[in-house]
Amino acid sequence: MSTLDTSRLERVQEKAAILAEALPYIREFSGSIVVIKYGGHAMEDPALADLFAQDVVLMRLVGMNPVVVHGGGPEITAFMDRLSLPVEFVEGLRVSDEATVEVVKMVLVGKVNKDIVLLINRHGQPAIGLCGDDGLLFRAARQAAPSGQDIGFVGRIERVNVGVIEHIASDYIPVIASIGLGYDGQAYNINADTVAAEVAVALGAAKLILMTDVPGVMDRQQSVISVINRPDAREMLAGGAVSGGMIPKLEACMRALDGVPQAHVIDGRTPHSLLLELFTEGGIGTMVTQ
Amino acid sequence: MSTLDTSRLERVQEKAAILAEALPYIREFSGSIVVIKYGGHAMEDPALADLFAQDVVLMRLVGMNPVVVHGGGPEITAFMDRLSLPVEFVEGLRVSDEATVEVVKMVLVGKVNKDIVLLINRHGQPAIGLCGDDGLLFRAARQAAPSGQDIGFVGRIERVNVGVIEHIASDYIPVIASIGLGYDGQAYNINADTVAAEVAVALGAAKLILMTDVPGVMDRQQSVISVINRPDAREMLAGGAVSGGMIPKLEACMRALDGVPQAHVIDGRTPHSLLLELFTEGGIGTMVTQ
Amino acid sequence: MSTLDTSRLERVQEKAAILAEALPYIREFSGSIVVIKYGGHAMEDPALADLFAQDVVLMRLVGMNPVVVHGGGPEITAFMDRLSLPVEFVEGLRVSDEATVEVVKMVLVGKVNKDIVLLINRHGQPAIGLCGDDGLLFRAARQAAPSGQDIGFVGRIERVNVGVIEHIASDYIPVIASIGLGYDGQAYNINADTVAAEVAVALGAAKLILMTDVPGVMDRQQSVISVINRPDAREMLAGGAVSGGMIPKLEACMRALDGVPQAHVIDGRTPHSLLLELFTEGGIGTMVTQ
Amino acid sequence: MSTLDTSRLERVQEKAAILAEALPYIREFSGSIVVIKYGGHAMEDPALADLFAQDVVLMRLVGMNPVVVHGGGPEITAFMDRLSLPVEFVEGLRVSDEATVEVVKMVLVGKVNKDIVLLINRHGQPAIGLCGDDGLLFRAARQAAPSGQDIGFVGRIERVNVGVIEHIASDYIPVIASIGLGYDGQAYNINADTVAAEVAVALGAAKLILMTDVPGVMDRQQSVISVINRPDAREMLAGGAVSGGMIPKLEACMRALDGVPQAHVIDGRTPHSLLLELFTEGGIGTMVTQ
Amino acid sequence: MSTLDTSRLERVQEKAAILAEALPYIREFSGSIVVIKYGGHAMEDPALADLFAQDVVLMRLVGMNPVVVHGGGPEITAFMDRLSLPVEFVEGLRVSDEATVEVVKMVLVGKVNKDIVLLINRHGQPAIGLCGDDGLLFRAARQAAPSGQDIGFVGRIERVNVGVIEHIASDYIPVIASIGLGYDGQAYNINADTVAAEVAVALGAAKLILMTDVPGVMDRQQSVISVINRPDAREMLAGGAVSGGMIPKLEACMRALDGVPQAHVIDGRTPHSLLLELFTEGGIGTMVTQ
Amino acid sequence: MSTLDTSRLERVQEKAAILAEALPYIREFSGSIVVIKYGGHAMEDPALADLFAQDVVLMRLVGMNPVVVHGGGPEITAFMDRLSLPVEFVEGLRVSDEATVEVVKMVLVGKVNKDIVLLINRHGQPAIGLCGDDGLLFRAARQAAPSGQDIGFVGRIERVNVGVIEHIASDYIPVIASIGLGYDGQAYNINADTVAAEVAVALGAAKLILMTDVPGVMDRQQSVISVINRPDAREMLAGGAVSGGMIPKLEACMRALDGVPQAHVIDGRTPHSLLLELFTEGGIGTMVTQ
């Protein structure tokens, strides 16, 4: 009687092993909230964007509650140019006068947010877009640049109204634009990584995942650090072992650890990076733990 | 022994009569959905806008489910001008090429919608903004001008996904921008009166209320018609007895009557016009009934 | 285009103002228990009795839980006369031997109570009559006159079985006759104002309202005191500033304040006095607060 | 080793047999409604009244829903005499002018009903008294004597509002006085056997039990008929085989069979007659079946 | 008019008295768990077995939750003989090597347990059989004979997983074989009386009932002790006042009293012994109380 | 900046692809019942048995409801030999006299069943064993061999009491021995494949999976047929294209299709065969569909 040929058998056994490896994670995270900061190439490259949407939908299918947070720098700048408004950055942060914030809000809420909502909808799970105004989701306070220089209506989050996200997430995938409302009624432009961290803490998420355009946090040998704990990460930040755009990302991870067991910096350029992070034993990128 | 003086007594009795008149309506509409098309002076005049928000919040307080639908013509035109985009109308409808629709969506969703959401939030009941993309709320199809002339990405609603509105309305006041999504993935600009009518029919609302800048539907003597039934309204439309901007409004009322018992054209310039319509015996403006 | 004429507009605005004033109260008291001592002219004058029943029904319609407590002095005396039984009062209290109590119970429970029940039923909300025997609602103890003189089977309430009232009030308007059951199995005649106060405390009512035949508590200038707090009311009682029938009413209010935030003495001769008290800013009569 | 002596053993075995016989009935009637017309010696003899109350409480304890209906002839006549009102009967029915009905209602509702309520309460299960006014329980229409002679405000039941009884019965034992309300707002005196039959039909009771002062329906040999079906009972009535007070009782049974599977005429003079009827194989008295 | 003849009346009154005596117990134990150790003649005599099954079904019918625990010595020995396996007892306990335990388990679980399940099923209430393996119901530890001699895989219960029994008991009558699972994965033979006691404690049962082949615990005059409290029973055990098979039974009762208010030793040879114990005032056999 | 090396990247991408392939199946079968006939090498080889138990537990973890059905031929024969009972087969079916059936039941219920229960328990999900007696799970009728020859107490299933399995499956994994109860009270030996098919139909399972010792159904070229529909399978059976042990297996699949959309014959010798069947696109073995 015929049986499976050897090479097919090997492939089958590998499949079986991957599945047996994945199923306990699916169980573990079933019902859990995972907050994902979406951005970078994974947002700009249509093929990656499509795989991202597919992953978010699959997460929902197997019982998780993904919450997507996004910013949208390049689209804002492009629109500012069309309106001939000056674009200025201080210490990597957009200087935001009233006209700028109005444009930021229109582009993020009226364009970028809805594009993501549609992309997810198209893969078969309904998403709803939110910004800080909806149900008074975020309360923001003005925040200067790290150096202390005033940069206008740029804010930090003071309060997250979790009820709103939970209500939406009970039936829909929430997609949140990083716009907050000040107690003065003014809109504030807020960094999306820190929004994602604050949302994750407020929701008591199981994980925060920051999608970036790098493989993870690097050690001095430029190898990806697979797992790092909080004290070590704090030391890296203090000792200048991380630099550039990774600094705010790692700081966002540290903040998240106030209420979230695991924060991840993953490479959004890897297809299905979310699935790999969630459902394989080593995950990908860097995990920051307690 | 002292008693109430006569004039105070009269005032007190009038109060008592108004309350006794109002309470049965409060009961009747408790738990009912009322769809309100918000626009015109009531949106542009800050004092009226504030009273509108207060009325919507009071409706919610006494157990009704108000659903707000809005457009936003003047703000769109202003922004088109800032972008030096040409503004063109055919038969009262905005000709909408792709660039126009993009601007319409950003202004309605990213600005006008959030302004209304905030105004209602500030009166103490949380609101959430929606557009046709959220949870695939509206499916739109392209629609030419009445004369048959093509006017670009202007649409009519083919399907309302009521689940989305019901989910939001269970805890929040939904505020809906009149932007729909075509089956082709393209955004469509849709007339807000007809959006309100379609939403009212889909939700099985108890009332549709269109806020306008006129006292109601007028008869040939230019007196407001208090109540008109469907056949008579159809005859007025056919016989040319209504004209200008009232035509699409009356047509929206007629469409609403397919699923809603009462449709109203009220004068948004009258302070608290919503309360007066809902909780007094004659109401205000014109009621179109079966 | 025609608009509202000025005088109609003024009337309309006044209506709108009254409604905007009333709605927050409707919300505030929705779901609240309000205990009403019903008696005096409002019970004897058929027109006032009808308005009373209408008000109670409207309270129920907008979500409140009215609980009606009543006595019935004049009807008892009339029936005592028909039976040639001697009628005697000591310090304003009916001397009650066994034969008297039997008649009091038959008249209150078998006649007055059912008349009130029917009146409310006829306005469209079902009511159910109760006395202290039903579900062992009240446990009473014998109580002498203030001077210490024994006056027979006259009692005070020692325990209210709130479960009975709550069970009835979940679907019906409870109407309670002021008859209590002693631990000795004997029926006791109890003052209806104090029954109302005990019921209000036991139920944790939001308000106790005593309907009387005076405009309220009077100050030395014979003007109605609109609001008085507990210490001041205690001083008035101690200093002899109130007299006659107002003394036990004010004492009932003081007792109610042990568990109820607000107790009211209102003029039952004013039509719709309940609505005015509940849904207007100043209310009517005298409010005693903490 | 010692064992049970023979006579104790026999007694024990008999106990066991009775219990094994009773348990399936307890199960069968668990959750069932049983309507009991209470009257006669069982009401007048304090020892029997006490056993009756005990039986009703035991029924409730084992999960049944007993509903008690009562009249109260002798007490009414006594009170009519005290008021020097004329007492007149036509064909066994009390001629009831307005003054008579007022007294009937006061005595039944304000005295007899509350005495039964208290008796049951005292055995540890709470009861609540009702009459036709409460929640508009009964709607009555005027009914002449069988011969057609008008006898005043004597009625028959046209409608039973079962919701009221079910609401009370969910937590309390309902005790119902046979007073009905006419559509004219007038109280009507109604025969308690027929009230019990109507209530049993309206509630879909499992049994109607009429407590009488005779052993049951007798055959021509003056032996109690244990079981009789509907056609045979109809023939007995038509053929004059029953007479006197048994006629209306048997007719009430016949009416009950429109909605109730079994109607019983039992001897209220036998102690624990209710338990014997319900939980022994032959029951006692006469059972009328379909 | 004929009435009941005297002797029938006496019998009827006795019935009534037995019922009135039984009903409060039915109420008291409704919803209660009663753990019954089944064994001895009541298991071997088919007529008694049938009455036992009937009693268990009647207990269930009136709302109790009977849980049956059993061993099965004689059947095990018979099967051991068929397999020519040596049968050895030490201090009344079966010496159990691996082969013996395998046979014990097969006979108890695959034969005796299913026979009891079927007997109960046949009386109309569904039963499900369990042993220590099912849902890891019992965790057992090895236990030497009282003298300290090792007797193989004989165990005592260390943990009862009550969730399993409660889940089964919510819809079915659990029938439990006295086989436990060691932490080493080995099956253990456990004394069924002690299994019953542990199950009763773990479930918080209202009663433990041990069915035996004696009338109860005997005093020095060989009379059955009707009630004995814990300290007195402890003294009897310590003072050697009980002997033979009664020792482990009384010890099981003592253990049960750690969590169960009443433990009973009854004579399984008396027909309907369970009903008599549960529903008559004196019960039968011996009750050990706190 | 360093990135993933190519070979690791390939492996990662393959993992991602397998997960993306598996997740929709996990969703599709979440909440579904899958009936698995367990037997053959997968039961005899301890390593395979362990992987089987792991797969069943993983199925449960991701929300499926696995139901295990088993026979146990080799263990029965071994025990028959120990008892020196004659072992006889007719047309592949065990001839079963009363002594044989008693042994079959003891071995299957008291040994094989509990071994499977323990194996699953040990992987962390509780299982409960059942046979046809429990809750009267199966009703069996006597069935001759295909040739018509009587072979004793061998049966077929006439009725499955699904309530029992559903009750167990709500909290536990049911493991069912293929023993049925005749209406005559006699135990019957039933083929486990047909038991599994009947159970699957009765439960409305999503799948029936028969674990065998062959790769699947073979075509004439001895290649495994991946998918075959019902008419083609019927033709294969009729045309003699299948032979030996595959005939009853394919017939069981055909029977299952009366109520189950898909029936599978898989190779139990392949590790994790259940996972591969359920969560990969092609599955393994042969699928018989409508």
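Note that the chains take the letters A, B, C, D, E and F in the order they are written out, and that residue 1 is the start of every chain.
Here, a contact is a pair of C-beta atoms (placed from the backbone, for glycine too) under 8 Å apart; a residue touches a chain by one contact, two chains touch by 3 or more.
Bear in mind that the values here come from a model prediction, so they are computed numbers and not experimental data.
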Need the graph distance between chain A and chain F over the touch network, please. 1
Contacts shared by chain B with chain D include exactly C
Chain D to chain F, fewest steps along touching chains: 2
Outermost chain relative to chain D, judged by CA means, is A
When the centre of a chain is set as the mean of its C-alpha atoms, what distance in Å lies between chain A and chain C? 62
When the centre of a chain is set as the mean of its C-alpha atoms, what distance in Å lies between chain D and chain E? 45
Multi-chain contacts in chain D, i.e. residues touching at least two other chains, fall at none
Graph class of chain-chain contacts, one of line, ring, star, complete, other: ring
For the complex, give me every residue of chain F touching chain A. 1-4, 9, 12-20, 22-24, 26-27, 30, 54-55, 58, 61-63, 214-215, 218, 222-224, 267, 270-272, 275-276, 279-280, 284
Complex contact set, residues of chain D against chain C: 82-83, 102, 105-111, 114, 117-118, 121-122, 126-131, 133-136, 163-164, 167, 170-172, 181, 185, 187
